[in-house]
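Both of the next two complexes hold chain A, though its partner changes from chain B to chain C.
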Partner chain A sequence: MEDNFIITLEHLNKSFGDSLIVDDFNLSIKKGEFVTFLGPSGCGKTTTLRMISGFEIPTKGRVLLNGKDVTNLPPYKRPINTVFQRYALFPHLDVYDNVAFGLKLKKTPIQVKKRISFFDYWRKRNEIKFSDFVKNLFSKQPTLLKEVTKMKHLPPKVIDQKVARALKIVDLEDLEDRSIDTLSGGQQQRVAIARAIVNEPEILLLDEPLGALDLKMRKEMQIELKEMHKKLGITFIYVTHDQEEALTMSDTVIVMKGGVVQQVGTPTQIYNEPKNAFVADFIGESNIYSANMVDKKRVRFLNWTWDCVDDFEINENVDVVVRPEDIILLGPRTTNLIGTIKSKIFKGVHYEYIVVVGKSELQVRDTRDLKVDSHVSIKIDPQNIQIMKKQYNINAFYDAYITKNNKVAMSDDEFDCDLTQLLPGSKIDSDGYLTKNGVRYNLTDAPVAVEIDIKNIELSDDINASEVHGVVINSIWKGDYYQVLVRSASEEDYVLDTQDSWNVNDIVSIIVKKENINLRLKGDISKYEEDA
Partner chain B sequence: MKRTLRFQRKYLCIPYVIFLILFILLPILLIIFYAFTDKDGFFSAQALIDFFSTPTKVSILINSVFIALQTTILCLIIAYPLAYFLADKKINRNGVLITLFIMPMWINFVLRTGATRDLLTWLGVNGGRTPYLATLIGMVYNFIPFTILPLYTTMLKLDKSQIEAASDLGATPTQVFIKNIIPQSLPGVASAATMVFMPTMSSYVISDTLSEGKITLFGNSIYISFSNSQWNTGSFLALIMLIIIFLSMLATRRFSREPEVRGGTW
Partner chain C sequence: MVKKIFANIYIYLILFLMYLPILLLVVFSFTESANIGVWTGFSFDLFPRLFQSHEIMVALGNTIIIALISSIVSVLLGTLGAIGTFYSKKRSKRAIEAVTQIPVVNAEIVMALSLTVLFVFLGTYIFRTSIFSFFTLLIGHVCLSLPFVYLSVKPKLQQMDPNLYEAAMDLGCTPRIALFKAVIPQIIPGVISGFLLSMTLSLDDFIVSAFLRGPGLLSGDKSIETLSTLVQAKIKKGPIPPELRALTTILFLLILTAIIVITIYRNHFARNSGIKRKLRRMKNGVR
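Take a look at the complex of A and B:
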């Protein structure tokens, strides 16, 4: 079965200095598949791609191409071509020469018939008469021939044909003689694709190829790339941080975070059955809650017990994800959970409602026009409640936002944080705006996902040590440390490891150092650019 | 109503305009004037006729161009790979090496040339016996920092993604070098060539010192003309030099892909 896979990555590891970029990456890709590596920036997706193309050598692990180990093979020896993020076209060459670049370098073995030499005669001197050999040597149509394999460049005519075909595939037939800097971004993108596919690679790697295009152009190119993939029938490996792009184009999506594969699956699997809260949050809109399994196939969240289809151990703490379109709003009924509509936004086909239940919020999508402040009861079909194993090494908050004081807030718990991590090379200016290269970003109310390692939360008796206070819910002895669960006044749960022993119902200050709060902006930072 | 004289930004360039007229335009006009007049200030083509009818003068010119070309090519051959390796952060970690290589520029030119002569004599390359070789070595030594610097800056700016793209498309390291790195660095080569060719054409101290007066370059003959008060002949030679440098600039401009600077003075 193994020859079915065109490329296999075995235990790939890559670290630069001390930092681990890719951690134990395993993957097999079938011939002709469209595979996408999806993840936020810095998740190691590009590094993995570069190990496939040969620009990076893995620290550990192997890359197998058609079952052969190519881990240490330089890029120019691999039958793999790349479409680069910034196109990387050759400005000193015109469109034709850019596309023909690879073909002109290529040498193919050609069987040539050649007149036999004296040595050949000598070896077979018993079979061939000397006079025949001499005659053969001088005749214009020699009969004594031998086959020789010669490495030859492709004839110009063949190159012409191939370039023309590639340019036709990308819709640039008439631009052969144009110089690169007279082309628009979209056209340059097409040249970059043509330059890669003209070599008929077994695998085409695309490193965020649409990142530099505007939205409309990007949508068009997505469809065209998908068509191209069908037409060419070769394997595409695509890297992007845009979840929508990944879902529309791919056969298989690999979601990555921090160098670790989170989930591998078809777009539908990834969307409908996310394996953990990160995947659920990264792919599409979602409501994520901490929950507890109260009974067999019964889960409790939002202070309500729900039927569900996933079987987890009773009393296990889990994460639950419900998609906004899976929540059904009904008229108030006593048998259901009741919430209040806090706001609504018209989105064309549907309305987007925020429904408040206790101190939690639900994002709901509904086509009906309901009144703000009206009470509704909430129904969720058991199969639409996706239950995921809780990750106990980090505290994750997926509906946090940035306040106008540059703090990060989970519900009403505000912490100091370092906003510059959202944009490498940026800083906070004297007016409190995030700036980079003269561009200002106004991040007030920007939604972010927050992660805090459970080792990085501290508690204190001193009520003035922090503005965030909470109550110790439980404390479990884990052998050499306690794992403590604290619930804050605004009903957010914090899990932490500590050496100290805390009593249940203690009121404590929750302290998190600025540098230990990891932020991830939802959506692109360019949305928050301030107009000068 | 009284018009007040308000300071405007364009007034800032007045000193430069004065400088331009006084030290650049006026001298050039004077050179042209002297080149085509005789001792009494009347129009005359005597200098022109003199120059082209004296074989030694023409051969000095050809010789100078030849030496300048050789120096330029030698400098490029030596400096190009050097700059390439110096631009590699792994080799030249904090720019110490590049500083070492351009350090000779900080030492007084005449002093340095004198020292070069003594060193060459000690090494057995005697200016008296092999004036041509000694001159060439001296020229290359003196002008190589001027070649390294522009090449180094170009190499630093090389587009790494283009190099990767070439490699990705099947180019071996040698092919990447020939088909991508060299074309990418052509603007640097052009400016390095200009930086060497122009001054070598006009310099005479190096050849004078190192060849012990056996090689006369074009710069020498201009100097000699003026020191013998032959202003008209000297000016005509200077004019020829000006034209050659202008032509060489035109030739190298084709290669430098620097974006055109638009906009006027005001």
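Take a look at the complex of A and C:
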């Protein structure tokens, strides 16, 4: 069974000190596949790659290459080459020598004929006459020979040819003699790729190789990398945090979060059938709602009951994702859900609308030019409603934002939070701005995803204990604790584990400690840099 | 325009003042007078006399031997130390860095004296005999120049792409070969300037030499005499030997030619890495 898989990762675990970076990673990659590890920074994707290349030894688990265990094999003995994030070209060598670096180290066995030695004679002393041996020892054309395997460096001519071929693949034929510092970023990138592929590795690892290039260059290189993959026919393992890059290039995408694999699938599967709310939110734009299965293949969210195609148990609480392009806006009619257009942005091919339904918002893409404040009815095809199992260990809110008081708000529920976690090494200055190395960030209204562990929410019947209040919707005895669902005044649901028993319809304060709120910024933090 | 002229005049004036004493010394090495500053007519006599002076030749030999050996030792230790520190954990890195700063800012006399106390202590209580010799002198000189080597190598390591070492391993180098093929070439300018720094420090060092020397080297059973200790001994009794003027002239000219040669080499021959390959290509008629 392992014949088809070039690399297999079995229960891979990696921790540095106390922090677990990669948790029970299982994966098999077929020969010739283009596989992408996708995830936000710090999700363990680079660490996994480094375990494949041999720069990190897993704490637990095995790495199998063609069925053989290579877990503890050092990097220089693996038929794997890496294209590094910032190229890591050797600045003291020119383009040719950079590309030839690996080839010059390589030794191949060569059969050579050698005069036999005394020991060889002694072993065969019955067959060979001593006088013949002595004659052979001093003759210029010895007749008694033996075959020996010698490890020899590749001849310069072969290296020349291979380097020329590799440089041709990356389109740099004429730059052999240029020194590295005279090349542009894109050219350096190509040299790095040539340097890796010239060794004819079985697997090529690429660690965010396009991160340092500008947008246009990146798009070009994406296409070229894909073509190179087709041409070379070797396995590519690609690491990126850019979901678009992952969807464009890969055969298989592995979405990771916090060291755990969230979903493995083709780009279409990942986009159309995300397994959970995290994947749906991370890949592309999406509307995510908490929903309830009210009947067989009937789901209720946005205070409306929809037909759907996924079969879940009746009464199960689920997450629902609808892509903005799958929502159809029609003229107002009573048989459909009615909403109001709150805003619109022209995006070239389409308009992006925010439609308000009750207290919820929908993101919608439409090519027609509709008026703001007009009423529209909303239609969604049943197969475009993707229903996902709810994750009950965390509360996730994907449409939260930062208020001007540095609080985080889910709808109208505001909680104190620690903004410095968005940027390692930052702090809050006296004016309330996030700063790092003298750069200020104005995060007011910045969209964030919020995660709160269900163990970290507390309830209190003291109405002054928190600004956020809610009603207990249900409370389930789980053996030795209660799992309580609370709905806040702004219709956000909070799930929590508690030892206390609460009655349905109790009005409670919802308390979450600052340090227990995990934030993830949507988009890059550099967007929020404040002009001095 | 006027501004530019003034700027030029300023630079050349400073350079002239800097080199004036040396030029004067060179001029006065071509006269025989025993006293400095008295011109008694042009003569080459000082030069043959210099090479006939056994004392000076011995001191010169000692100085060069110590400078070379101590520089080589400090460069080896300092470079390996810098690489080791660079790749070690944050906490130990900070500790080592703090420790290496101290000898740089420390007064030389403090180090010389403390080493003397150490060696006297060891000699009295452990070896039961005086241990002052070439080796104590060598240890002193290495201690003197080691931090400077470290400080000139460290910035080169910091400027280096941290992935280079891994890239070399990825392409098939064992860790040791990766060090020589990827890391050392990046830091070699720092290593060379560290070597030159230790050479200068050792060549004209007096305090450490005076405190730590013992018998050995070309001085045989007598205490090792270096140029600086020799000069010191001489001026205690009388004028500086006139032959030393000739020696400084020779040293100055040697260094001048060395610098000119290095500059020419850098400007014209540094980028010759591909020459062999280009010749091969021409021979094979590939292109």
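Note that the second predicted complex is superposed on the first by the 498 of 532 C-alpha atoms of A that agree within 3 Å, B and C clash if a C-alpha of one lies under 4 Å from a C-alpha of the other, contacts with A are read in each partner's own complex, and residues count from 1 in each chain.
Criterion: contacts are C-beta pairs under 8 Å (C-beta built on N, C-alpha and C of every residue); 3 or more make two chains touch, one makes a residue touch a chain.
Source: prediction; values computed, not measured.
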| item | value |
| --- | --- |
| Clash-or-fit label for the pair chain B, chain C on chain A | clash |
| When both partners are placed on the shared chain, which of chain B and chain C touches more of chain A | C |
| Which superposed partner A:H92 touches (first chain B, second chain C, both, neither) | both |
| Partner chain in contact with A:F84 - chain B first, chain C second, else both or neither | both |
| Touching partner for A:S179 - first (chain B), second (chain C), both, neither | second |
| First, second, both or neither for A:Y76, with chain B first and chain C second | both |
| A:K157 touches, of chain B and chain C: first, second, both or neither? | second |
| Where chain A meets both chain C and chain B, residue numbers | 53, 55, 74-76, 80-82, 84-86, 88-92, 101-102, 105-106, 195-196, 199 |
| In the complex with chain A, residue positions of chain B that touch it | 159, 161-162, 164-172, 175, 179-180, 183-184, 186, 257 |
| In the complex with chain C, residue positions of chain A that touch it | 53, 55, 74-76, 80-82, 84-94, 96-97, 101-102, 105-106, 156-157, 160, 176-177, 179, 195-196, 199 |
| Sites on chain C touched by chain A in the complex | 161, 163-164, 166-175, 177-178, 181-182, 185-186, 271, 273-274, 277-278, 280-281, 284, 286 |
| List of chain A residues in touch with chain B within their complex | 53, 55, 74-76, 80-82, 84-86, 88-92, 101-102, 105-106, 195-196, 199 |
